[in-house]
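Next come two complexes, and both contain chain A; in the first it sits with chain B, in the second with chain C.
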Partner chain A sequence: MSKRTQIQIGETIAVLFVFFILIVIGFMFYARVIKSNIEVEKEELSQLRSVGIAQRVMFMPEVQCSENNLIIDNCIDILKLESAQNIMNENNIYYFDLLEFSDVSIYQIYPTEASWNIYSKKMEDFKNKFVTNVPISLYDPVTRKHGFGVLKIETLSK
Partner chain B sequence: MQDKKSQMEILGLAIVIVLVLIATIFVIRFLLFKTPTEHRQSFISSELASNMLNTFLKTAAKDCSQLTMTELLQDCAQARSVICANGQDSCEYAEESARYIFSQTLDKWGMNYEFLAYTDINQPLIEIGVSCKAEKRSKLYPIPISSATMYTKLDICG
Partner chain C sequence: MSKKAFEIQFNWIFVLVAGAIILLFFTLIVVKQKSVSETSTKATILKGIEAIIIGASVTQDTTKIENIPSANIEIGCGRVSIDGVSKQYQNLILFAPGLLKGDKLAWQTTAFSAPYRATNLLYMTSPNVRYIIIGNNNLVKEINKSLPFDLKVEFYQNYQNIQIKDLNNYKVRFIVFGDMIDFPQELKRMPDFDVTAININPNAQKGAINFYEKKENSWTLKGTSSYIGQSSIVGAVYTDTLETYHCNMQNAFLRLALVTRIQTDRLEKLKNIISSRNNCAEIYSAALPLLKSISSFSSKLAESSKLEISDINSLADASKKLSDINKEAQKYSCTLIY
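Take a look at the complex of A and B:
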């Protein structure tokens, strides 16, 4: 084999080596990009889940106000709250399907201060925690007056 | 002849490098710096201003003949004949209640806002918070009074 041919073979091997290194670097970069995209999508899904749970709680007939069979939006009946707490504890599995790992509390701010925790299911090794506060009217059917409250929904996800 | 061939090869290489650079910039722009869509934040912002205002207006005053905030504001814009148990008139009482409620909610959540109650926007009856300098979510709620219409407006900044 002539010396020139040997040099050409060496050159080809060097070019191929560099080429494969570039391909490996490209794949590593691509894998990182894909991984970060998956993280972003997971975060978006967790957020959507959190919004879904918040909406489910806001429209739960167990706590929603009604008058003459008409549902009042954005309102929670104080008298229903205690019963709802018991019902939710007794039917844990059913409500876990609806509310998953979350903590639902209602705080009355005005005219007096009070709080109720109607559902709580926590996981220990969570990665994301979203807190959603929704101002809500708290109706007392005994006095027929509305108070000002906040519905606080904490959702946890891995 | 040899020089011309080399020049052509260099030009070809330059074009390839430019194309690779453009492709890299696109990859970085669309994949690497993809920010998560804030589904939860947009849900909260859209719900917050309207829920806050609706709930506040429905709320019954603690020691003012159990009148609602709407009724107090109506009196505030007209005769100012209502005097509450603590000696405040309807305007003062509604303003103090609004300040308390907003301090327990929007202030605690670190949100900037502006609340206005007016018949003439240049001379508001109640003004709480500071006006938003950039983006805001706004809710305007008209309240009928005998002479005209009064408005309550809540802007939540950001």
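Take a look at the complex of A and C:
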């Protein structure tokens, strides 16, 4: 093979090499952009899940107030809380499908201070933790009076 | 071979190999990107369905038509999948045909109450499914009215002298109240599993449902189940197999059993605390056995392999009595049971 041909092939290989290097750099950049997009999407999804869990808790017939089967929004019946706590603990697997890795607590602020933890399923190596606080009315069916409290939902995700 | 000829040949082989490598490289990228994009679309649809499922648990009596990317969505017992990408749910209550086709998704929710709300039932279908309702009573009219406006629903009060033509729908579902109809011969060319029917004995509160499927040019009975309340009839309208209907109803009864245990504990506490008001204490005492009865029958129905009509009747009776007692509690200004 003549020297000229060898140089030509060498040039072609060099051009191809640079071409592939540029493509690899392009792909690395593209992959990084995609990765950051995925991270943002993952975070959005975690937040959405957190809001979803908060909504689910608010509308659970296990704790919700009702008057002749008419649901009262943002209201929790305190007489249901203790047994809801026991039943949700006993049926942890069932409620995991609804509430996933989260911790659901209710804090009564007025007329007296009290708290109930109705569901707790935690993961040790979580990456994100979202806390949603929802102001709620706490209904006491015995006195038929409404108190005031906060529903705190902590959701954990990897 | 001369040195010049060898050089030219070598050049061509080199160009061929390099070109093939470049082409292969880009082909691989395109194929990979296509599969990533397809998986991403499927995941987006699944995410949309997940959002509907979450939304359904917090809204009742909602009806909506969603635009989705065109896809074949398979729905089974606790499972939603799109061409291999699937999501499992442990206690999903989703009444839908086995296959949803098209770029639109119709969904609606209703509360499942016996007599207090235990959960929401979610129904989903494709506007390409054809529903043919046959019957002549108030319940039929109620069911017809409750279905979303955008669905292909045909309502006949009397089936005699009516010709059901094949309108190229991928699924046809007959909902027959009263006596079962003969198989419409115009649909005999459709695949067997795409033409299904239910036959309901008209009683608004409870009753039996027969599930039929086309077999060549006649109906074949696939099995019998039961319903309680209008919401479960609507569930049977949307679900095209007995197994899926049964699985969803079992999940609904399981939730009812759990909610009933909480209602029972609540009432026991209420009864112990409000013992001074005689009327209320008496009312609560009368309600407690009914709650226990609802709890035991709903647990039984959640675990049994068949929804026995006798259990459904007992549950409906206890539910009706509890509803009357709740009215009584209201009359005496007692705290309501639910």
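Throughout what follows, the second predicted complex is superposed on the first by the 141 of 158 C-alpha atoms of A that agree within 3 Å, B and C clash if a C-alpha of one lies under 4 Å from a C-alpha of the other, contacts with A are read in each partner's own complex, and residues count from 1 in each chain.
Following the convention adopted for this analysis, a residue touches a chain if its C-beta (ideal position, glycine included) is under 8 Å from a C-beta of that chain, and two chains touch if they have at least 3 such contacts.
Since the model is a prediction, treat every value here as computed from it, not as a measurement.
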Joint occupancy of chain A by chain B and chain C, clash or fit: fit
Partner with the higher number of touched chain A residues, chain C or chain B: C
Chain B versus chain C as contact partner of A:F130, first or second or both or neither: first
First, second, both or neither for A:P141, with chain B first and chain C second: second
Chain B versus chain C as contact partner of A:I76, first or second or both or neither: neither
Touching partner for A:P111 - first (chain B), second (chain C), both, neither: first
Which of chain B and chain C A:V40 touches, first, second, both or neither: first
After superposition on chain A, the shortest CA separation from chain B to chain C (Å): 12
Touching both chain B and chain C, residues of chain A: 48
Sites on chain A touched by chain B in the complex: 33, 36-37, 40, 43-44, 47-48, 50-51, 54, 74, 109-112, 130, 132-137, 143, 145-150
Chain A residues touching chain C - in the complex, by the definition given at the top: 1-2, 5, 8-9, 12, 16, 23, 45, 48, 52, 55-56, 58-59, 61-62, 66-69, 71, 77, 79-80, 82-84, 87, 91, 93-94, 96-98, 141-142, 144
Chain C residues within the chain A interface of the complex: 3, 6-7, 10-11, 14, 18, 22, 25, 47, 51, 54, 57-58, 89-92, 113, 115-119, 254, 258-259, 261-263, 265-266, 269-270, 273-274, 326, 330, 335-336, 338
Complex contact set, residues of chain B against chain A: 27, 31-32, 34-40, 43-44, 47-48, 51-52, 54-56, 58-62, 66, 68, 97, 100-101, 104-105, 109
